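Structures given as structure tokens follow.
Two complexes are shown next, each including subunit A; its partner changes from subunit B in the first to subunit C in the second.
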Partner chain A sequence: MKTYLRQLLVSVCLCATASVVVAAEPTAAEEGLRISTERKVRDTGWGDTEASMTMILRDARGRESRREMRTLTLEVLDDGDKALTIFDEPRDVRGSAFLTHTKALEQDEQWLFLPAVNRVRRIVSRNKSGPFMGSEFAYEDLSSFELEKFSFNYLRDEQFHGEDCYVIEQIPQDEFSGYSRMLVWIDKSHYRVQQIEYYDRRGALLKTLTMHDYQQYKDKFWRPHRMEMLNAQNQKSTSMLLNEILFDRGLTDADFDQNALQRAR
Partner chain B sequence: MQQFWLNSALRHPWLTISWALLAILIMSAGMSQLYFRGDYRIFFSPDNPQMLAFEQMQNEFNKSDNILIAIAPREGDVFSPEILELIWRFTDAAWQTPYSSRVDSITNFQHTEAVDDDLLVEDLLLQPAMLDADKIAGMRQVAMSEPALYRSLVSSDGKVAAINVIVQLPEIDQNQEVVDAYEHVLALSAQFATEYPQVDFYHAGILALNYAFASEAEKDASTLVPLMFLVIVLMLLLLLRSFSAAMATVVIILVTIFSTLGIAGWLGIFLSTATVNVPTIVMTLAVADCVHVIASMQFALRQGKSKEEAIHYSMTRNLMPIFITSITTSIGFLTLNFSEVPILRDLGNMTAVGVMLACLFSVTLLPALLRLLPAKVVPVSHTANGIEKLANFVVLQHRKILPIGIILMLGLAAFAATNQVNDVAVKYFDKRTDFRQSLDFIEDNLTGTANLDFAIESQQTSGVNDPAFLTHVARFADWLEQQPEVTHVASITHVFKRLNKNMHGDDPDYYRLPEQQDLAAQYLLMYEMSLPFGLDLNNQLNLDKSATRVTATLQNLGSKELTGFEQRALAWLATEMPDYTSSAASTALMFAHIGERNMASMLKTLPFALVLISALLIISLRSWRLGVFSLIPNIMPALVGFGIWALYSGEINLGLSVVASISLGIIVDDTVHFLSKYQRGLREGQDTEGAVRYAFHSVGRALFVTTVVLMAGFAVLAMSGFRLNSDMGLLTGLIIMLALIIDLLVLPALLLRFDNKGKSNENLSTTTAG
Partner chain C sequence: MRILIKMPCNARANRAGAMLGLCLLASSLTVAGETTVQRQVQPGDTLWRIATEVRPDDSVNIEQVMQAIRLLNPQAVSQSDLNQLRAGAWLELPGRQLIAEQDAKAAQQAAARARTALRASLAETQEPALPPPGLAAANYAFISAVMAPAAAEPEAERSEPAPVAAAAVELEPAPAATASAHAADASPASAFWQDVEWFSQLNLMPRWYPQTGLQQQAQWHNSVSLELEGYWQSDDRSHTLVFSPYIRWDQRDSSRHLLDISEAYWLYYGGDWELRAGISKVFWGAVESQRLVDIINQRDLLDRPDGESKLGQPMLQLSLIRDYGTVQAYLLPHFRERKFAGEDGRLRLPMPVDTSAALYESRHKRSHLDWALRWSQQFSSLDLGLSYFQGTAREPVLLPDEQALLPYYPQLKQLGLDAQWILGSWLWKTEAVYRHTAVEHSKALVTGFEYTQVGINDHFWDLGWLLEYQYDSRGLESTTIAQNDLFVGWRLALNDAAGSEILFGLMQDLDRSQSRSAYLEASTRLGERFRLRVDGWLFHSRYPDELLYWLRRDDYIQLTLEYYF
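Moving on to the complex of A and B:
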């Protein structure tokens, strides 16, 4: 009995020492989570937005094709955000609209409205890594950032775009993600994402996303006005240009249900 | 000049050897620059129109480099829980293939199903745990009716399934990239083969072809070249019967090969399926030079001359013939520069350089070496007696030999024109190679292994959504499917039809094209959204959706049939769809055209080479008359050889298209040697018969020996698993043998019959000259 107590005492002491050491020197996972949490916190509370965007698709030889669209977004505090995208160009898809309810843990919900069919269809698919409108962006690249979707590791500090950045490794928790991991450059000054490298399932670099022309809204929230996605494997690229973004449009859940999808023009 | 050179080689052998070694070292250092290339592009020059068309199409649409793995259970079909699980696991594992961007199989096919207002898009087999009798029946039904799968990723009888791995090679070190990706897949197959011993695995695709090109070349380099070397050493020992002479020859061969490869390296020439056998050919040709030098020396030694005198005797006799024969051989190989195929040009240039180097070394380094090595008198061999008997036979029977010979020659030569050009990359590989066996299996049991891509331009942005355009494309797809050669057609119109059905609650009546442009465009938008990782529309539609690509999979046709099919399809498009522009391209089509193009250019250069070589001969013999006589033994062997080939095979590929040129350069040597000795006989005052006997006596054995060596060399080449090389070796060897027969039977018979009046002139000119 005495020995048992002594052993217990020793192990308790050891544990205590260990935790003290950890507290002094956070692990890479803890540091990664702290930085990513800070990133999320700094971008919380923006409410709703309405944006118009231009997407320029380029093939390996630099030939271009343009897409125009508008996106309404509603922040959902305890889950993924809701987004409604309305396509304006090319003309033959004008009025088509796509509604997403991002979920932190479960499968996202998606609906599509095609004016030529004049019916709303729910699309049930695990594919999040397919191309968004033929671009180099995948759906999962554009959906809202939720901490629950990833595990994090802090890797190092590095200068990028002239900013001191943290480099964080993000590992998707969804087995149907197209990526094995991502490297994210987050600047220390405002916790904005400056660059993301996407690695495919066999661990090879697939795409690199860089953010440009950050502007601040409501004295708090930063939005990049230009995003460049370059596919390292097929040399195709896509520019996503944010033409205009308006905050506080008074959007509610009713603007993001299936009926709203049919009304959207 | 000649005296000075001989004196330095004979009096200061060490100095000669030192200079030669220095030069050899400098040249050979280039070997470090050599590298292997195995991709199919090495067969095409950068301005090849079919390759340009193909690259244009690859730029417009996605690249289609792939590895196809066929999975064939020995019993039953693939629709069993076990095999479906294997396909599922292999599909999953194949994503780890280096440079892969997409893996497709019946298990991860994106099956779309309409349930009320929901559109369900899911892998046809998401988890093997879901497999029960119902699921399997459902999978079979989808696989057998879906155009994207049926006879493409599953055979019509369900006994074979396939996994297609699309790769995007960065093309920095393409050879290594091909090896990395392909060997990864091979390792996966090997691993699954141990786990599933009842299943066979086969491999095909562009990467398999590239890998086979490279691995067969390396196999040739590691087996044929050493084998050739061994054969030559053995033959030299046997024929020269002198260890030191054989060793001297081996040294000359080695330094010639190293210098040749080194120069190729300095020039930036890479090794390929064609050039990897340059050492074998150069070795063969270098031996001929050495044999002439050594045979003459041994002849002089037998006559009681000292070693130094014997070398001197041999050199003065052989300098000119060796030089002339090397020049003619080089010309033969240099005509390959008119070939359409870059690697055949490399083969020609490297061999031409090698032949001239062999000439250089055998008149500098060889005498120096012979001077230092011990020499013994070699007794006369039996062949010499045989040669005398042959000379007697020809002299006595020439009135019979000539007509029989001419009838035989003309009779066989008549067949030469019946050969057909046929270039199919797959058939370049011998039936015993793994690649060929795999391809043949897939061809017999799953689907064709040749593709033909058609790009159809609507001429306007988003034009592919135009119902009129789609209707035409669908009709073209239908037409293709009706062609007997076609095993599978991939067309965007299939996708449109399926989506239309899905959007109408999976009603089979709606399996048809959408009737309005905006509806079609919106279907595409929806389809794009349902696509999985690594798949986009770009493999069927270009960036601004103005053009579509329709891919037909064909039985592996001969090149004539393939170009014929191409013409038929393009003619259909031109008449039925005159408002749109279309083009066709594929690697198979590139090979189908290259054979014809190459043959045409080689046939054009052949007369040029013949005239040049004959002119050289006339100048060196200083006799128009003998020049005219030389035409028959120079031209006939190739004609007769191709005639025999027509009876044996009847198909001519890239490798054979150059045989006439290179064999011409080689066989001329025999004629030069025989006629120059005949001429010397005449000059020494003998009559035609005496001069013929003299020629037999002095050069017959050497001709026999060199022909045996050359035939052995090309016979070794004939053992290659790569038919461009093996066919070239076989036919060249045959032509060289025919050349000897013609030179030793028909040519002397011709001289005996027709060269009576020339004799007196010859004597006169010699008298005046003397």
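Moving on to the complex of A and C:
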């Protein structure tokens, strides 16, 4: 990722230089990539985290159900990140654990640990568009943001949540993504994502995700403590609450393999 | 000098195998010395059965015996079908020397062909009569014949208090300690108990069989089970303690009562290695329709007939996590016997199994030190495992005695392979084993795929298509119902908030159109603390020589209400 970023930055710089020479505006694609690259760069180097989260699922009639989970995350600089999620509630899935190795270019690798039979099951990761734990979040909404997964177009500037934002169109490169495109609101002050609109394969608005209660960690990295996902088509919604997040827990690759999956509880 | 011994052979091979773990055994007689012996072929006799009677000891294998019989009696053995004997013919039985002269390999190949034919002959068999009194002595002779030379006279092992049960009593004070911890001050011990997390699961399990059993057993069988789990992990996550007792009560069948420890272990994690000591459960494998390589734990077939439920196994396990893969070594000091349904239970054979009189090939019986090794590695889209097990077979051979079947546990060496390969939406799975006991070598394979269609409708349902082929070289003697079978299944995940899932599977014997079974597993969450499961089985067979036949009236549907607290 580091070398890739360097190349990218170099090419972005070259483009910038070129555009100065030709005295032309950067294209929408160049500007989209520049902003998204800056978003990624500003969130690079956080290392590892351990977080506890609550998910509240609401159906169209407002009935709620809760999910409690803990997530360990490891930043991988030259590829997608690794994440291990352990479920605490509902009780019938307590102790189940879900391991993802996000891949920048290939299919993600995913495993599920089922404590009742002490079994690790490999999962066909093409179900990325499927709901995570029955929520309105799809697996792909929760995997790490990698530049290689999308093409970008800068659309416009717009105010959102009282912040000056860039609006970027993001087009998934993976044919198995559940989306035809996403619109992403990125604030100009810290390059944080404020809102994402997801459009289904037919081009209709499917979901809207908004980020709230951003807090800064290690003087650099911003994390939203509340995310709200609203499905525009079925009126269901999911709140993802970040109860606690700790950085620099000393996690290594060994905490994200199949053995770790079996130890996790 | 020629002595003619006429032996009646009216004991039918009591054949059935399968999920309940049965093996064929015929009446037998050891013929010693150089005396020439003749024997008349009775209706229904097979070459295999006669060879088991004639085999002097385990220095020769059964195929060599059959080959020698063929050699001596070309007139009585059909050359095209090596298992076919002319009824009424007199056979000259070979002595040890002649048997030993037979080429073991060639004989095995001939035997493989003969076994296919054996199956056909047994299919003609009508309902087997119970073995006549007086058969037990002959069985002991057979057992002696198959025992390893080191093994002494087999003794029936009478039940003794299981150490596991004893441990349950000793370890019981846990809840009391927790209670006192709340009252007491913060001594290190009470701090420990406060850190222990307790979880419980209560299951109510009404089960209904649409028909009464073959032995007139009842249609409704209700049972209840309770599992507790205490879990503690040190702050640095290097030490983990798990303690999990389990109790089950059944309305009809006292054999299904169980007071057990499903897990009680200490796990130490040292960065690139792990050590586990205590009672635990281990899963190996990849495929859906059967468990071939998975051998560490005894199965709790009384809980679930498909073998997915297990009994805790005492073990010492060392895992080395290295670049070349994970290597796990297991020492298994105490053997857990298989449990069988009692006389009032369903899903059983015509004769009860006397589990209090289990027989072992090893003179150490349950204390035989079994061991196993496994190497597993993940190569991006491929997960691969190789395993070896040596010790007491988890599946007993059932020997007919006067009133009951006696479980006999031979020594087993098993080499296993399991692999999963992901290719887009396709998950290819294979398990294969090579097994070796004093009486036979066998191979088994399950291979197939799961193809997943994601988001098949607006509700994001996932539909998985499963297809697996099952092969076992033992054919009908296989202890599973799968010897040349096809499994087809569908897995539907609704991806809803209730986590609803449905799995339907169908197993069809490819050789016998009237032999098949099917199952359904469905579950959904009710509120935050309940889960409702529906499990059903259908068994269909018209062939008395296979286990399925004896389960043909045991179709059932079970509701399970799980309560978590």
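Keep in mind that, in the parts below, the second predicted complex is superposed on the first by the 240 of 265 C-alpha atoms of A that agree within 3 Å, B and C clash if a C-alpha of one lies under 4 Å from a C-alpha of the other, contacts with A are read in each partner's own complex, and residues count from 1 in each chain.
In this text, a residue touches a chain if its C-beta (ideal position, glycine included) is under 8 Å from a C-beta of that chain, and two chains touch if they have at least 3 such contacts.
Source: prediction; values computed, not measured.
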item: Superposition on subunit A - do subunit B and subunit C clash or fit; value: clash
item: Which of subunit B and subunit C A:254 touches, first, second, both or neither; value: second
item: Partner chain in contact with A:202 - subunit B first, subunit C second, else both or neither; value: first
item: Subunit B versus subunit C as contact partner of A:60, first or second or both or neither; value: first
item: Partner chain(s) touched by A:129 [first = subunit B, second = subunit C, both, neither]; value: both
item: First, second, both or neither for A:92, with subunit B first and subunit C second; value: both
item: Contacts of A:119 with subunit B and subunit C, given as first, second, both or neither; value: both
item: Partner chain in contact with A:77 - subunit B first, subunit C second, else both or neither; value: neither
item: Subunit B region in steric overlap with subunit C, selected from 417-425, 489-497 or 651-659; value: 489-497
item: Common interface positions of subunit A, toward subunit B and toward subunit C; value: 57, 59, 65, 90-93, 117, 119-120, 122, 124-127, 129-131, 133-134, 178
item: Interfacial residue positions of subunit A with respect to subunit B in the complex; value: 57, 59-61, 63-65, 87, 90-93, 96, 98, 110, 112, 114-117, 119-127, 129-131, 133-134, 138-139, 178, 201-202, 204, 233-234
item: Subunit B residues within the subunit A interface of the complex; value: 59, 62-63, 95-101, 110, 117-122, 126, 168, 170, 461-462, 465, 503, 516-523, 525-526, 528-538, 543-545
item: Residues on subunit C engaged by subunit A in the complex (per definition of touch); value: 199, 231, 233, 237, 240, 267, 269, 271-272, 274, 280-283, 285, 308, 310, 319, 321, 326, 376, 378, 380-381, 383, 420, 422, 424-427, 450, 452, 454-455, 460, 462, 493, 495-499, 525, 528-531, 562, 564-565
item: Touching residues on subunit A, where the partner in the complex is subunit C; value: 57, 59, 65-66, 89-94, 106-107, 109, 117-120, 122, 124-127, 129-131, 133-135, 176, 178, 254, 257-259, 263, 265
